[in-house]
Amino acid sequence: MSSLIAFLIAFPLVIGAVLLLVTRASVRNPIVLASSAVIIVASIAAVATFGNGDGVFFGLPNGITPGYAILASEIAITALIVVIGLMNRRFLAPAMALIQLGIAVFLEATGRMPEVDAQRLFWFDRLSMVMVLIIGIIGTLICVNALGYMRDYHRASPMIRGRRNVFFSLLFVFLAGMFGLVVSNYLPMMLVFWEITTLCSFLLIGYTRTTETIGYAFKALNMNLLGGLGFGAAIAILADQHMTLDLAKLTSGPASGVMLGAVALLCFAGITKSAQMPFSSWLIGAMYAPSPTSALLHSSTMVKAGVFLLLRLSPAITGSTVGYLVAFVGLGTFLFVSLVAVTEQNTKKVLAYSTIGSLGLIVGCAGIGTPELAWVGVMIIIFHALAKALLFLVVGTIENRLYTKDMENFDTLLSRLPRVSVLALVGMAGMFIAPFGIVVAKWAAIRAFLNVPGGQGAVMILIMAFGSSLTLFYWGKLLIKVLSMKNVSEYELSIQRRVSRYEWLTESALAVGVIGFTALIGPISDRVVGPYALAAFHAAPQTLLNIEPAMLVVMLAAVLFLPLLALWASRRPYDTSDFYTSGRNADSAHVMGAALGGSRTVTLRNYYLEGVINGALMFRVGTVTCAGVLIAMVVTGMVVR
Amino acid sequence: MKRTVVPFGPQHPVLPEPLVLDLILEDEKVLDAIPTIGYIHRGLEMMVERVEYTEMGFVVERICGICSFMHGMGYCVSLETIMNIEIPERAAWLRLIWAEISRIQSHLLWLGLGADAFGFENLFMHCWRMREQILDIFEKTTGGRIIHSVNRIGGVKRDMSDTELAAILVQLQDLGKQFKKTANVFGTDPSIAHRLGGVGVLSMEDARAVDCVGPMARASGIATDTRLIGANYYDRIELEPVVETAGDCLARVVVRMREIDQSIDIIRQAIDKMPKGEGMPLETKPRGNPMGEVFTRLEQPRGEVLYYVKANGTKNLERFRARTPTFANIPAMIKLVKGCELADVPNIILTIDPCISCTER
Amino acid sequence: MTPAIYGILFVLLAPVFGGLLVGFDRIVSARMQGRIGPPLLQPFYDFGKLLQKQARQVNPVVEPLLLGHVAFMAVTGFLLLSGTDLIFTAFVFALAALFLVLAAGSVNSPYSFAGAERELIVLLASEPFFILMMAGVCKVTGESSFAGVLASSKLVAVELPGVVLAFLMVATIKLRKSPFDISTSHHPHQELVSGLTTDMSGRLLAYVELAHWYESALLAAFVVLLFNWSIALGVVVFLVAYALEILVDNSTSRIKWQLVLRSTWVATLLFSGGNVLALFLLGR
Amino acid sequence: MDSASFLARVGDYHKAGWRLALINVTTVIAAPAPPHGAAAEPAAPATDAPTADAAPASQAASVFEIAWAFAKDREFETIREQITVGDAVPSISEFFGAAFLYENEIRELFGINVTGIGLDLQGQLYKTVTKVPFSHQAIKARLAATAAAAAAASAASAAAAEKKA
Amino acid sequence: MSFFSRSPWILHYDGSSCNGCDIEVLACLTPLYDVERFGVLNTGNPKHADILLVTGSVNEKNIEIIENLYRQMPDPKVVVAVGACACSGGIFARAYNIQGGIDKVVPVDVYVPGCAARPESIIDGVVQGIAALEQKRKKTA
């Protein structure tokens, strides 16, 4: 049993090392495909082996303890950061890495580290199970997708030096780090995996090695190292006070005293990693990396590590001031990034803001910590991972065909790239349309917030009401663009044929996942998420009251029926007409008469609420506000308690 | 960066007449507006080649169906000037009265259309309900609601009896009272203030720079009114130009609303001062063919109109040219449309009270 | 099984209610304008004619989307009355409205597109209110279904005066009345021609009408939630509110989208938000 | 015409606060006007030149008289220039922005080559069926057509009268 | 009987008219004449309209506009020419830029005479247009 987990961590590492040496695509493609298949099978096998998913603890095969391996890994990671940092003349990141290493060495040298329980190194429960499946399936699908994407990416941008061996190697190492992170129970070990994901995301963001991306990469590194520092400090406090470094024990119930301070620091780490305000900018900067990187960072890895940790910590902070403050960091982030997203024209950035917002919701849920909200948090993790991975991959595909990320250039996409558009529509629907999972989760969140006593509850509901509407607005804009149609030329139609089969395969699989999991929301709730919440909070979540999962399935069928209807309608002859142009000439290729004679193509631009919402200002206000709340959270945890 | 292009006109519900703008928008802010006209251009000025000068007046009346009377009058005044004809006093007074009734009609019509453009259907209906009373007066006194054909070179065709005039005055003063209520709505409704106040502001300097005329100029604080040059018996009337200083759409509305009252007052003065009695001469018959040229200026509801007539001693004029107020106001409109909101475009276009058929002839 | 019957009744009768309401509206508006106005059944005549008329489509996705719009308006009503969670129906309501936006936006013509964008803005302006209202109703009564709220002994409106106030404002948006009728041509002469219905003809336009009737009936159902002593009381209050809307419609001009968004949000935040906050603070 | 001195005069009007009231063109069919000094006096018809309504001699060049009319309160003044076909006329857009509409119009209707119009509508202002309807040729053609129609009508009426008789 | 006779929606387009007939068309909507009594709406949008009311004649520039508007109207549809200019070109028939009545461009079903056409005759024209609409519907149905 434990060997399966060890395999899940070790195998991607090995493949990563192998891929580093492979420079030929013809060799790399089969390796990536085969190892992806192996990882998928292994993660499913791991979940199947653990049966009903009640929490189990175990150690390494044959009872090996990590011993100095943890310290050695940390030294290796720190060395790498220091070297790369100095090579690029950046000193903040090396300094933070060194401080963190210093803490570890100090703890080890002074013998403050408590004894490791060799049988409680790993913790596998339903939350880990969900995460393992997400990483193992969605993560590998992204790797496969990258095979097609990176080929076109380098064709389109010949200026960038191809280092695809490094890229793919990093992807697999990243997966290994994530697998380790979600099953760790021993905090120092978790920190190592934590830093591996930080390092991998840093290297992936900086992949193109332009001045711009190197800047963003270091921004991401700095912010995440700051979070890592918090993590390290938490370990130091716990170790210093001879408290447990066992995550499960730490979070078995509400924390108090010194322990709450350590938990607050861990929450801080989770908030940096999940790119909540004031740390959102690193994830926005990460948008300049190739799209599979974004897909990986946003859906199955990295930011999900942050919210995973916060959900784990949720039982420890529930009901405390720290918990409320964590919740407000998340919900504040949700509101402010939604306001910013409304004014953003770059599709990938809109997706990024949407991710930060969704994570904000999870953070909000984790901070309050009721069984219902834990349910909501896990549901959002599942559906967000599916939909967002799909969206980023599709946007990547579109980007490689149309050479644009500007949402305004996505118009008439349904005519130009019909099949890609359908995938995009599924992804977007998954993010904000009613019967799909995230909306059900949002509804459940509002329901749960109704039970939060005092003014906090009211404020949370207000944030949810306004935030959800803003979400509707920016997704609606994008949806309009994708859904519009016109007559296209043969050439434009031929563009779609150049989408690689890797991309078709993975994106279709994710689209099926988005729809399928929504249809299965009832069983998922009953079998996985509900019992998880019960286990974590010792109370069964009362969520799907007054909503029949069967009814959701019917609604879903109704929504899905419409595209089929459209398909049927488009095959049938219908009375066509030009669009209205005040009586001027117009034709179906969207050309209309111009005032001074001749003709002009119809161009339309979405509204960005100029003069009502100032995106840059909102971002600053949100950053400052959330920074304030965050500082208050840490101070409360550390000092006030 | 991509920008929305909205084809505004020629067929557009807020424009009763075809005017074309290509609006380049960002959100709904108009960054640029490319205008064109020409959908009504008939070649009316060239009709002098085919229509004898005695009949040409009826063609000129059809430059525009709203200021039909004023156009007929302008043409006749021009030829009277060329041919040195002194028209009978009563005819001149009657012309003045009809002209002012036309102004009231035109302003009421415009106020209604303007209200409809910003979504105030109710006001549109009430303005036009009042306007029907004016049309009744026209129908009673000239026989036509829209095209009157009472002007002749040398005078007018029909008389109005003194009792009829008195009744008209009573009716108009009553209408003025009714109109007070409507004017009150325009002046006090906050939603109208939102739609018109501070929208399409034309400063006095800008107004001078674009050479606009009529209520457009007066709303920007320029006290210009062609009636002040005193021709056509206006020198016998006490008249202060209606001037507002704000220069926005609301000011242009207010100017026109105040001018309705002013016109009623002018009609009262005219009825007081004109010679009374039945069977007074109304016409001085023109003799021979005209020879010479003239520029004539009149104040129409929309502003100053200019006629140029050149006669060469034959039955057909050599050149007829009308420069209507809208022609002079279009540059101002184009200037104002740039930088406003899409929702303001109809208001701005309408506050110049555009008459495209006047403009294009 | 009774709730489901209520739901089915809604689906069947709401169009009649909505159509008569529009007919009544047109007569009253005409009288206010000094006219006689059309017959009471005029909306049904128009609807019948639109069905008889040729439907010319700009592209094949418009009709399915509009069908979705009608269907989900009906579904919202069905769900509401058949006992689905109130807050969830607010989300379904938004989805139904979104379909109209998508239908208009997919045409990709300047006027439809501008109408669609404005409708999105209007959705953005009104949606927070509906979520807040439903949350407030649930909070006050402790119930989460239509029947539950009706059975509650408390009169919701008494505890949610701010929500009632904001409802009047937001209803103006949903009933497409001036000053908030920025996305469709409620009054004929507007800058967007017919707003988001510009490129819809024949039965496509009839779908929009039908959906609007459902929407009106839904609003009536929402009022019943607020005045939950009896359905009759709710409907009477709704009719009074509707008469008020007609009056407002006839005495205001259409305002610009910026003000629509700002004013509605401020009203939602101050009245509904304040009201809900007070509820929480008072621990109700 | 002398562009520089003309523009200077227009500039003076502009500086003195005059308003552009009209730019008017009249088609004058006469012998070529004297090259200079034509502005002050009206076109003096040469002794043997036909009048406008008579059939013009085919050799005569088209002459346009352009009048720029300025108004200031009660005053009203014009600058007049005579030009022959093909002469370039400078735009006065730099002083009077509103001139663009007049200038586009006279270019389209009279075929006068106005240079440097502030907002050039590229011949799309009226877009008439008869191109340049006020040009010399167009007028001549129309007059001939009218004369022919009149002749035909009188012949027909004469025939009818004969028949009656 | 179909619903067309109870709900004729109008699109008004101003060709090369002098405004006279235009404002009379608008006057039909206002309290004195109130054509909404008969279910008539002025839509301002060809896609919603059943009856195309054209005032004024056809000139070089608006010829394609009238054609486009007519083409964009869904069937069944009827054209009513309002006023002398729309019927034949009227007083401007021989002006250089006028090509004649609107029957030069689109098939006209009802001719309403008058310069300017009076509201009563415009309403009468619409009523006759409704009859034509009914006939066309029968033909297509």
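Of note:
A, B, C, D and E are the chain letters, set down in written order, and residue numbers restart from 1 in every chain.
Keep in mind that, in the parts below, a contact is a pair of C-beta atoms (placed from the backbone, for glycine too) under 8 Å apart; a residue touches a chain by one contact, two chains touch by 3 or more.
For clarity, every value in this text was computed on a predicted model and none was experimentally measured.
The minimum number of touch steps linking chain C to chain D comes to 2. Central chain (C-alpha centroid nearest the global protein C-alpha centroid): C.
Set side by side, A-B and B-E show the greater C-beta contact count at B-E. The chain with its Cα centroid farthest from the Cα centroid of chain C is D. Of all chains, A has its CA centroid at the greatest distance from the CA centroid of chain E. A straight line joining the Cα centres of chain C and chain E is 35 Å long. Chain centres here are Cα means. That of chain B falls 43 Å from that of chain C. Separation between the centroids of chain A and chain D, computed from CA atoms only, is 74 Å. Within chain A, the positions touching two or more other chains are listed as 575, 577-578, 580-584, 586, 595-596, 602, 604, 607, 609, 611.
Along chain D, residues 121, 124, 126-128, 130, 133, 142 each make contact with two or more other chains.
Each of the following residues of chain E touches two or more other chains: 13, 30-31, 42-47, 59, 61, 65, 69, 72, 74, 96-97. Across the whole structure, chains are in contact as follows: A-B, A-C, A-D, A-E, B-C, B-D, B-E, C-E, D-E.
Here chain A touches chain C in the complex through residues 411-412, 414, 433-434, 439-440, 442-443, 446-447, 450, 453-459, 461-462, 464-466, 468-470, 472-473, 476-477, 479-481, 483-486, 545-547, 551, 555, 558-559, 562-563, 565-566, 569-570, 572, 574-582, 586, 588, 590, 602, 604, 606-607, 609, 611-612, going by the rule given at the top.
Note for the complex: chain A touches chain D at residues 595-597. On the side of chain A, the complex with chain E involves touching residues 575, 577-578, 580-581, 583-586.
The touching residues of chain D, counted against chain E in their complex, run 126-130, 133, 138, 142.
Interface residues of chain B facing chain A in the complex, by the touch rule stated above, are 1-5, 7-12, 20-22, 25-29, 34-36.
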